[in-house]
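Listed below are the structures to be examined.
Shared between the two complexes below is chain A, which has chain B as its partner in the first and chain C in the second.
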Partner chain A sequence: MKQILKDLRKDSLLLSHKCQDGNLQSVFSCLDVVWTLYDKIMNWSAEKATDPDRDFFIISKGQATLALYPVLIRKGLFSFDEVAEHIGQFDSRYCIQTDLSKFPEGGVENNAGSLGHGMPFAVGIANANKIKNSPSRVFVLCGDGEFCEGTMWESCIFASAKKLDDLCLIIDDNNSVGAMVDMGDMQKKLDAFGFDVAVINGHDTDEAEETFRTIMDNHNGRPKAVIAKTVRGYGSKTMTEHDIWFHKAPNAEELELLCKEVDEF
Partner chain B sequence: MRRAFLARVADMIRNEPDTTYFTVDIGMWAIRDVLRDFPDRCTNVGIYEDGMFSIAAGMARRGLVPTIFGIQPYLIERTLEQIKMDLAYQKLGINVVGTGAAVDYPKYGYSHYCAEDAQIIKMIPGCEFVAPGSAKQFIQLFDQSYRDGHPTFFRVSDHPNVNYDVDVEFGKANVIRTGSKATVIAVSVMLDEVMKVCADKDVTVLYYTTLEPFDHKTLAENCPSGKLLVVEPEYEGTLLYDIHKALSGRPLRIEQVAFPREIFRNYGTYDEKMEHYGLTAEAIRTKLDKLLNEE
Partner chain C sequence: MSEIIYTGAAPKAEISSVFSSTLEELFHQDSSVVYIDADLMGSMKTKELWKKYPDNVINTGIQEANMIGVAAGLYLTGMKPYVHSFSPFASRRVFDQVFLSIGYAGKSIRIIGSDAGIMATYNGGTHMCFEDIAMMCTIPGVCVIDVSDAAMFRSLLIQTKDRPGVTYFRTARRGLPDVYSDDTEFRIGEGKLISDGSDVTIIASGIMVGTAIEAAGILKEKGVSAEVIDPITIKPLDRELIISSAKKTGAVVTAENHSIHGGLGAEVASLLSGEYPVPVMMVGIEDRFGQVGNEKYLREQYGLTADNIAEKALAAINKKR
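Our next item is the complex of A and B:
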């Protein structure tokens, strides 16, 4: 694992420890893709976080917000110390799920928390971009479990009908629906809904970068979907083996153990 | 009122390039030309309410002014979490215009009735609720609020006032007449019925078309007796919170003419329903007389 990906994971662990909350398995499964988007793909920087033509990152699976803050910190939007000092506190702007209204200087693009909302919201942004002739692209990170919500499929129909090929749906496919219902073949389903679909190893940042570049360059009128095959808790042996880390914050002792595991991964 | 709204939509889409319009598969014929000429900004999205609200919120996030037209219960009840999360919580404004106010589809059953609309929307901070009493008032209220950055819900009625069609202002109640013995609050399409009873009585009549934000000031200044009759075409009690807030600390005696809080399992006509549930001049007279005759 690249050092930056280890550092991001340790930042997430520390933030979770500070606020004593978080869904770390989900954070670790998507962190590599989120970093790749901000570091290699998106037209975005801290200096142009409110630029009207910037690319948008919409976090639909809000339980992974602790993956977003460390990436924005590394990209220079806020300092780690600031976030660590305030996260989850009464008057803080750093909620465990994002709150757009507290970030007038940009960085957070939507409010998360209820699943099935970010995807249609992203479709609306992409549709507006088309109406406004903006080059802005929209990347929306969803969970595989989120596709149990009807609004996800409704917005897929709309995105396809409106030919929103600057929209990229990313599914963090960490097999959470394996514990729920059988969703069948998502690649076939999304293809049938009019999307160009790619399936990648969501922990291989080189493959992710290449795939995003290729798929977004294809302006064929079809919205894009990247199914990132991931592992819950990837980066920590303990977290991949014990689902209690679906929703658990580390105490001081666990923090030390998990950081050590990340270093040795 | 519907025709006035659709004519306004056609005008808006043609002349205001930052506006967008979605119809949930109703009222297409009246705007068929703009549907054809502006397919990117004027769309029949089909039977699709909840996700559509999130999409409209995304468009508002990019500075557009979306307006959605559909049937009231589906616009307000199916979409409740979208209203809370995507609009109110994110402080994004869209306009939602709903037909089928209260019992305007009288033969369709409870699925199409929506006497709870104002109460539901008033519970979500930041949302606005407008219930015009005529086509003229719809246009006045729409024009004053459709770009105000809030989620604004317009209740379009097929049974407008005919005799009393005053000019109205968003967020303000009209003082129709003043008197000393009681204050009558007439909401939306109930003004004609109220005035059949109150035109020659010593009472104050206040006319409300904006139910949220509620005009507390006008009520506070115009209730000298502490006796109130509320006449509203929604479930009873919709405005009680605001009435108590406006008249806080004063002893009050309140009567209501409104729909009872029950599931309506009857059909027939609009007039039959208004008669059955007592939203009539006769019921207004009975309750007002009772109020006026009390010590």
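Our next item is the complex of A and C:
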């Protein structure tokens, strides 16, 4: 694993320890994709966080917010010390699910938490961009389990009908839905809904970068979907093996152990 | 200057056609205005508008929840969304989206819920929404408007174009008699004193404003002087007007095409119980679901009649201390 991906994971662990909250399995499964988007793909920087033509990142699977903060820290939106000092306080703007009302200067694009909201919101932005001829692209990160929500499919129909080819849906497919219902073949489903679909190893940042570049360059009127095959807790042996880390924050001892595991991964 | 022109006769223009013409006016005034519908354009008579203004009109198909999320996204990029569906689908069905994606997220939207309450008539119980005011009033910063006539609808549609937060209109689509002259000015949080009175105050909204005027006529024949007030917005409520009227008459009856639980009556009672307690009687839907019928039949079924208002007014007067 690349050093930066280890460092980001350790930041997540520290922040989770600090606020004693977090869904670390979900954070670790999508972190590599989130980093790739911000580092290699998106037309975005902290300085142009309110530029109307920026690319948008919408975190629809809000439980992975602790994957976003470390990335935004590296990209200079705020400092690690600032987040670490305030996260977990009741009046902190660094909520465990992003809260855009606390970022009037931009950088956080949506209120996460209630599943099935981010995708329609992203589709609305992409639709407006189309109307306004903006070059802006919209990337929305969803969970595989989130596709149980009806609004996800409503927005897929609409995105396809509106030919929103600057929209990229990313499914963090860490097989969490397997425990609920059988969703069948998501690739075929999304293809049938009119999306260009790619399936990648969500922990291979080179493959992710190449896929995002290729798929977004295809202006064929079809919205894009990237199904990132991921592993819950990827980057820590303990976390991949024990689902208690779906929603658990490490104590001091666990923090040390998990950081060590990340280093050795 | 404005005057009350209520006769009970059919209106000059139906709400649906006023909706279309007002949106067209808004599109010309501000190109960022956008109207979104979840495939009820036929019912709201806006299909022509869709053809004429393809960049300002969006049909999402039958997907109300997604429509609200899309509206939130459109707002983020500087557009000013007006969305429409029938009232149960514009409120109850999408409440989580309205509450979170718009209200909590600090977006701005205007929602038009048509066929409010008994005005769903033949569509029956599934389409008959008696609870939208109750739900919407719980959203911080919301403006809830029970539309009394076309002049008020047009004026407030224009006025709320840039209003932050959630603005919710509930309205009939047709058959809503004119109450106010065209030159009437309306403001959010400013009620209208329709007629002066001294014995009892009738506070009525939406389709019940005309009925309240008729009830005041019935009471006058019995020697009772009734004051009639239209709150215009149920939230924010015109506190001063309502408190001063309660002080003057000492008895209140409310009338609404909505459940008595959480609607106009509940808001008025909540206000007066703290500020100036007087007997408050309520005319509205009393813990029942909707059903099929025409307007006249449904008004009788649920007691949304001038006779019932007059009866409750006398009861309120009898309860004065």
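Criterion: the second predicted complex is superposed on the first by the 265 of 265 C-alpha atoms of A that agree within 3 Å, B and C clash if a C-alpha of one lies under 4 Å from a C-alpha of the other, contacts with A are read in each partner's own complex, and residues count from 1 in each chain.
Please note the rule applied: a contact is a pair of C-beta atoms (placed from the backbone, for glycine too) under 8 Å apart; a residue touches a chain by one contact, two chains touch by 3 or more.
Just so it is clear, the model here is predicted, and its values are computed rather than measured.
Superposition model on chain A: chain B and chain C are shown in a clashing arrangement.
With both structures placed on the common chain, the touch criterion links A:Ser155 to chain B and to chain C. Of the two partner chains, chain B and chain C are each touched by A:Ala128. In the superposition on chain A, A:Gly113 makes contact with both chain B and chain C. Of the two partner chains, neither chain B nor chain C is touched by A:Ala252. Once the two complexes are laid over each other on the shared chain, residue contacts for A:Leu100 go to chain B and to chain C alike. Residues 100-101, 109-111, 113-114, 117, 119-129, 131-132, 134, 150-151, 154-155, 158 of chain A are contacted both by chain B in one complex and by chain C in the other.
Taken in their complex, chain B has these residues touching chain A: 20, 40-41, 45, 48, 50-52, 54-64, 81-82, 85-86, 89-91. Of all residues in chain C, only 55, 58, 60-61, 63, 65-66, 68-79, 96-97, 100-101, 104-106 touch chain A in the complex they form. Residues of chain A that touch chain B in their complex: 99-101, 109-111, 113-114, 117, 119-132, 134, 150-151, 154-155, 158. The touching residues of chain A, when paired with chain C in their complex, are 52, 100-101, 109-111, 113-114, 116-117, 119-129, 131-132, 134, 150-151, 154-155, 157-158, 161.
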